[in-house]
Amino acid sequence: MNKKIASIADAVADIPDGATIMIGGFGGSGNPIELIHAMIDRFRETGSPKDLTLINNNAGNGRIGIAAMIDIGMARKIICSFPRSSDPRAFTEKYQAGEIELELVPQGTLAERIRAGGAGIPAFYTPTSYGTELAEGKPTATFDGKNYVQERWLKADFALIKAEVGDSYGNLTYRLAARNFSPLMCMAADRTIVQVSSFVEPGGIDPETVVTPGIFVDALVEVQKPQQEEVLIRAGESYV
Amino acid sequence: MNKKIASIADAVADIPDGATIMIGGFGGSGNPIELIHAMIDRFRETGSPKDLTLINNNAGNGRIGIAAMIDIGMARKIICSFPRSSDPRAFTEKYQAGEIELELVPQGTLAERIRAGGAGIPAFYTPTSYGTELAEGKPTATFDGKNYVQERWLKADFALIKAEVGDSYGNLTYRLAARNFSPLMCMAADRTIVQVSSFVEPGGIDPETVVTPGIFVDALVEVQKPQQEEVLIRAGESYV
Amino acid sequence: MTDGLNNAQIAWRAAQDIEDGAYVNLGIGFPEMVASYEVEGRHVTYHTENGVLGFGPAPEPGEEDWDMINAGKKAITLKPGASFFHHADSFAMVRGGHLDVAILGAYQVAQNGDLANWRAGSRAVPAVGGAMDLVHGAKRLAVITTHCTKDGKPKLVEECTFPLTGLGCVTRVYTSHALVDIEDGRFLLREKLPDISLDDLQAMTGAKLHIDGDVAGLNAPVLDHA
Amino acid sequence: MTDGLNNAQIAWRAAQDIEDGAYVNLGIGFPEMVASYEVEGRHVTYHTENGVLGFGPAPEPGEEDWDMINAGKKAITLKPGASFFHHADSFAMVRGGHLDVAILGAYQVAQNGDLANWRAGSRAVPAVGGAMDLVHGAKRLAVITTHCTKDGKPKLVEECTFPLTGLGCVTRVYTSHALVDIEDGRFLLREKLPDISLDDLQAMTGAKLHIDGDVAGLNAPVLDHA
């Protein structure tokens, strides 16, 4: 068993139009810039993938990564908690022009819905958003005198993930706080594609410190010295 | 902030009669024998704690640990998935005599109910046990054409946990497969008491490899070279 | 009438259908035997409910580390690339459908895929473990079993009479006498022992065996019944 | 009428009530300032939604590691004993009530504890982040805010008119002019600026200020407003 894929272009070659894609990261931390830019490269050459539904905590920043995908018209919808950033132009313009749909989800509910998708829990109750406009139309229930909103699981066709160390079975560790949504998204996608900064043979990661077990990972590609979204933005880079 | 407690007797001194106690471990792996035996010592001296509700995957084995607690009459109820073992006499006799109540919960549902208790999720849906006698009386619902059972969170007054390394803030790691239910139970109890084999200063555990963050832990006591339930049972030991 | 395959042979037959790269959970007891017959050249990763992926065979006696056990509380070893995780993550793997195959034992399997394998009588202390989770956990849920009970009663039935473990969950049954798929509420006979007649096999079976296409011979090498 | 405490002084006052050993989440922006006034001798552990416990102040410019940020996407440092965890565990800490204190900003707080702090108008792109989770997360949910808006409208009101973040969640409000608890659907005045009359304070407040026991003086040292 070897889940390693030779090139980053190959890693994203199968993503079809209309796919729902979870993208790891919280702002720039954990954002798989190289996988995203490989999708953009493919879109420029072939016109695909487009009509995508993106799931991420944010809606892109500046003119790179997710923001660039939105700017050049690859996304039809985004599911996120916070579609603002230091430079939110790409999303804001599309949103105000009615060219992208927004499903706004409280951050903890977003995380739990993704975990539920990965864990086979079709629905759960949370106090979050009860009585607010974000709960409108959702079933509610009372437990022990307290009110809760019923939330549904969230799954995806693909997850694009940035990890630190990976082995050929797909076991992963993450760097510092860059794990954030990624271990959950690995669980919740039909096909999880991971860029790792460093590739090791099975046994190269201590079994006690594996964060994402390989069962949740379908493909890995090595991207040594990956770019960091925040650094690119501060340098004024653009991928549009 | 220092959550370290000097003696194991002090660690369990506050547990009152009638308490609900989660006990980590799967069989002997991760079972906090010393904390359990400290409770037994206190019961012998003072008659407390008694009328306990115990939550563990199993219902004890042989004549030590949880089995000994049951045997000497400290428990009025057990919530578990598998009340059998290589030597299940203690539980079996009390159960058949009608002297202990059993709430049987499928293992994955038990784990998820405990996690839900720790995560503030009062209820969730699972396919597990749908249509079986273990779902009798529970609400059901259909999502996307599939049937599910609604399960409620499970919380406890105390959790008794065995970990490998701990620091004074309560950050923990576990040994090999001994973590099993313990990270979940740490989250779901009002007061989580942990025996650690090795105690280090804050910073002594790599922040990326902490398994249970200290926010879920209230008290730690150092038990160097802890006993292992399975080893004691094979040696024919008894604490009754 | 033939005794059919012994347990080792049933386990061997089930092992032949485990694909390269599969993630597999083997139930406690008899199903664990399937791991002994892993097909050469295929890489199979075994999952155990208590939080290990990628474990190997039992250690030599005296070499056990009792903090490293499987769901049956037996000592295990690790293969390179193994991982440990807590129980909620472990059952996320199960309930979330991340396992490719789960192989369990059975008291009874009904033609609609219902499985009864957790409680035979009402006298014993009830114990369910992870059985009710596992039946909803894998892309394929296979059962391995003798074709009949020791006193000759069929285990493949129209409707289970023992308490159910799960509804409509079993997709394939490997028995001492046959390999049967469950599709659309029917038993579909795929393989049978070469030396048993269809009529005799049907007589041993508690529900109609349907045939859709060829019925192949059920064969296994000579294996000692451990 | 007095301007009251500046933001630094409001943050300082809120910091005085954080107990030794507390786990605390500070909302993005103004609430982050509370960390600057940690009381000497008390150990406070800060939580950020994106998966860090035990972080410290911002690094020196040029020393940032952008894989280590807080919920406001600002670079942070780590204190000894810190830990990283994923988003579901992070919000388990929040939703599960494991935080002792959360301190958030507000557009409006109602006398029944309702909070509006996520959306002021309908034109802007809506963004909620973790606000709706945090209001259900801590044993004590405190708000820090100026007593009135820049154009003089009360922020403590009978009923919120802005979209709600959470119902009945706020337990204490620290303003530029007063410290107010919320109990049984009422604002209970605990402290007020020494040089403001009760009548003047009431006139600045959009709902009845109840008094139950002494009203202490609201005092803070002179602090530059960052």
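Going by the order they are written in, the chains are A, B, C and D; count residues from 1 in each one.
Operating definition for what follows: a residue touches a chain if its C-beta (ideal position, glycine included) is under 8 Å from a C-beta of that chain, and two chains touch if they have at least 3 such contacts.
These numbers come from a predicted model, not from an experiment.
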Graph distance between chain C and chain D, where chains that touch are linked: 2
Chains touching both chain A and chain C: B
Chain pair with more C-beta contacts, A-D versus B-D: A-D
Between chain A and chain B, centroid-to-centroid distance (C-alpha), Å: 35
Whole-Å separation of chain centres (CA-atom averages), chain B against chain C: 30
Multi-chain contact residues (two or more partners), chain B: 112, 115, 119-121, 126-127, 174-176, 207-208
Multi-chain contact sites of chain D, meaning residues that touch two or more partners: 84-85, 88, 91, 94-95, 136
Chain contact graph, described as a line, ring, star, complete graph or other shape: other
Those chain pairs that satisfy the touch definition: A-B, A-C, A-D, B-C, B-D
Chain D residues touching chain A - in the complex, by the definition given at the top: 49-52, 65-69, 73, 84-88, 90-91, 94-95, 125-133, 136, 163-167
List of chain B residues in touch with chain A within their complex: 112, 116, 119-127, 141, 143-144, 146, 148, 152, 173-176, 207-209
Interfacial residue positions of chain A with respect to chain D in the complex: 26-30, 57, 81-86, 88, 91-92, 95-96, 102, 104-112, 114-115, 126-134, 147, 174-184, 211, 228-231
Residue numbers on chain D that touch chain B, as the complex places them: 20-21, 23, 43, 45, 47, 53-54, 78-85, 88-89, 91-99, 136-137
Residue ranges of chain B in contact with chain D within the complex: 1, 115, 117-121, 167-169, 171, 187, 201-203, 205, 207-208, 210, 213-216
